[in-house]
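There are two complexes below, and they share subunit A, which is joined by subunit B in the first and by subunit C in the second.
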Partner chain A sequence: MADAVDAAGLTAWVQEFARLVREQRDVLTELDAAIGDADHGANLDRGLTAVVSALDADPAADPAAVLKTVATTLIRTVGGASGPLYGTFFLRASGTLGGGDGAALAAALRAGLDGVAARGKAGPGDKTMLDALAPACDALDEALADGRPLDEALRAAAEAAAGGRDATVPMVARKGRASYLGERSAGHQDPGATSAALMLQAAATALTGRG
Partner chain B sequence: MKKLVNDPADVVADALRGLAAAHRELRVAHADRVVFRAEAPVRGKVGLVSGGGSGHEPMHAGFVGRGMLDAACAGEVFTSPVPDQVVAATRGVDGGAGVLHVVKNYTGDVMNFEMAAELVAAESDTEVVAVVTDDDVAVQDSLYTAGRRGVGVTVLVEKLAGAAAEEGRPLAEVAEIARRVNGNGRSMGLALTSCTVPAAGRPTFDLPDDEMEVGIGIHGEPGRRRVPLAPAREIAEMLVEPVLADLDFTGGDGVIAFVNGMGGTPLLELYLMYAEVAAVLDKAGIGIARNLVGSYMTSLDMAGCSVTLVRADDELLRLWDAPVRTPALRWGA
Partner chain C sequence: MPVGLVVVSHSRPLADAAVHLARGMLPGRELAVEVAAGDVDGGLGTDATAIADAITAADSGDGVVVLMDLGSAVLSAETALELLDDAVRERVVLSPAPLVEGLVGAAVTAAAGAGRDRVAAEALRGLAPKQAHLTGG
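Up next, the complex of A and B:
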């Protein structure tokens, strides 16, 4: 498994994330229309399409460089709240990614999570992308600590992210545009947590069976 | 969806081409989607930069020109501009006296302008001060929300701070004017219909013919509550009362009263609403010192209106009367 987290693997992860967002674009936009402003699917699709083009045009040689290209491209193209938030996630992950094993990936994702929390001044239970990312990071750490192989650990992380996404439905939003609705935001699945769960699902698909 | 568009994906770029063709006094940097006052940077003058999602026209590009903004960044529809745009605008208006960012309080806008300010600070010694507008009383300003939204007061901040900058006042004073206007301003809005984002192709929310949405923002986000359609007289009370409940507007030099259309409401109805708003204010013992009536901060094709009041003082009234020459606001110049 040692070489699962190489430049090609991370590129495949981001390509799969882009594919899933393209496929789920209208779903993301519908979720956002209910409690936000109906642009999450379109914005993230535009940004990830630009990321895939950037990585095609200029393939990054090392894993951290892949994540940095993802970060700067998202910050440059997405706008809204998701641009700085996903951009910060990948920028911090890039700065932390040390080696090519599961532990290095887990540390990088954890750094990304901390960056998102700081940039968005949000915490768990605020009905944001953190509610999918945080359980995913916890599950990944736990599975790796139990000595499970990276592909199993990433599947556990993706399942935890999906669980966290589903858990946003009854929450009352405290951050972002959904917070303007107060209690009326309850009963709707958070679009940011939904796209974050797709990112983890993509990792489980693309980063497994490689090493 | 029936709209005057080519490809919905190109709507912002296409509109900027039209703005550039119609207003030769502006300079449009198409790659960055930044609209500059042609003579920017003006030496020794504080530069004013604002920006936000498109779909609110004439805000912000329509307020670029003498006595108001030096540059406006156009994001995608209802999506804040990205940091690179704000950096390009900031560089382009820096005449040596610093740059004021006027930012509406939305999570995305605040984060993108913050990241831009960090980039500018890392690369240059341009002094940047940001003033965040947050005047919408429909949103509770608490730990449990993203804070009040920036709405109608933004137009007045840009006019009054722009006039102060034009007088050659230093950055700290221009920023103080902007904060004073925001701190003394409150707004409330209402929608009769939803709006249709071109890329989405259908209305953002469903609103039955006999209902209206009270406490809306400017992005088609639903409001606080839905009520049966009412006569304009009652609507004026619904909008003005929460504004007056939030801030004491009595005394002083009166208010600047701004009745704003959301994009799909005719001026006929806006003047009708202004009469009703003036009557409510009169009954409350509040004098109107200046007014603005028209669609200046829109939400695409949404029907509805908002009311903004700013507690005025001598200085703010003088700055209000100062010459302004922009596509959307012009007097005395």
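Up next, the complex of A and C:
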């Protein structure tokens, strides 16, 4: 059996993430217009479009190299805070990915999560992308520990990310531009948690049936 | 060689003008200042890969002090450290000083031949004269 998490699989994952962000670009921008500076959809779409082109032009042979290309391309092209944050996520994931199975993927995503937390000095409940990423990593670890196959575990992770995204609605933002709004940020879904949930949804779709 | 300086800003014109102002304090003096500012299209933004390149260019082995504006410039400067070789990273200080006042303080001190930590300390003290003047202290 081929490794579930190989270069082709990871490439398919980010391609699907790019497709979903393109599809949801206006939604992300509207969410960001409510509590930020209305550029999250356009910025992330631009960055992921560049990522897809970069992987197309120069396909990376090994899985860690795919994630490194994703990181540096996002850093160069996204602009705004989501460039360094998503860049750090993929950079740390790339540095940690040590194998091709579900456990290796889970460890890489966990390293990415820790990197985002350290970079943004954010924690759970701050109304950020972490509120989608952290429950997703927990769900993935738990499902794999229960011996469930990777595709099921990734679906559980995607559902947990969506739940985490929805849970940001009543939160008061404590980080980034949205924190300037204080209590007025409550009642709005966080755009970063929304795009992070798309990233997990893409993983569940693209990495399913591979292992 | 003097300690190297790097100016990180969302805006290229803002960074260039800050460097122009600092150089104005140092006629005829040598100063290694690199700018990493604006996004790839020349708009407002910061790019950690450009910051890493600027740090490498400013580094002559005696260290680099990085001054930055706000928000994602700080996140990008921190991300840039992850992209550097270990040996270079150890010589870099990210300064919490205000950009303009900090740069002027750092530039004057670096051009005088002070070491990295002294340059970083002077950058951090950059606001003191203005605060003392306006608060009567």
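In this text, the second predicted complex is superposed on the first by the 209 of 211 C-alpha atoms of A that agree within 3 Å, B and C clash if a C-alpha of one lies under 4 Å from a C-alpha of the other, contacts with A are read in each partner's own complex, and residues count from 1 in each chain.
Following the convention adopted for this analysis, a residue touches a chain if its C-beta (ideal position, glycine included) is under 8 Å from a C-beta of that chain, and two chains touch if they have at least 3 such contacts.
All values derive from a computational prediction rather than experimental measurement.
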When subunit B and subunit C are modelled together on subunit A, clash or fit: clash
Which of subunit B and subunit C A:Q15 touches, first, second, both or neither: neither
First, second, both or neither for A:G120, with subunit B first and subunit C second: both
Contacts of A:G79 with subunit B and subunit C, given as first, second, both or neither: both
Which superposed partner A:T49 touches (first subunit B, second subunit C, both, neither): neither
Touched partner set for A:L91, first subunit B, second subunit C, both or neither: second
More subunit A residues in contact [subunit B versus subunit C]: B
Segment of subunit B that clashes with subunit C, given the candidates 114-122, 186-194 or 294-302: 114-122
Footprint overlap on subunit A, where subunit B in one structure and subunit C in the other make contact: 75-77, 79-81, 83-85, 119-120, 176-177
Residue ranges of subunit A touching subunit C (in the complex, touch as defined): 72, 75-77, 79-81, 83-85, 87-88, 91, 119-120, 176-177
Footprint of subunit A on subunit C - complex, ascending: 39-40, 43-50, 71-72, 75-76, 78-79, 82-83
Footprint of subunit B on subunit A - complex, ascending: 29, 33, 35-39, 42-43, 46, 75-85, 119-120, 172, 174-177, 179-182, 184
Complex interface listing, subunit B residues touching subunit A: 53, 75-84, 106-108, 111-112, 114-115, 138-140, 143-146, 149, 197, 199-200, 204-205, 217, 219-222, 224
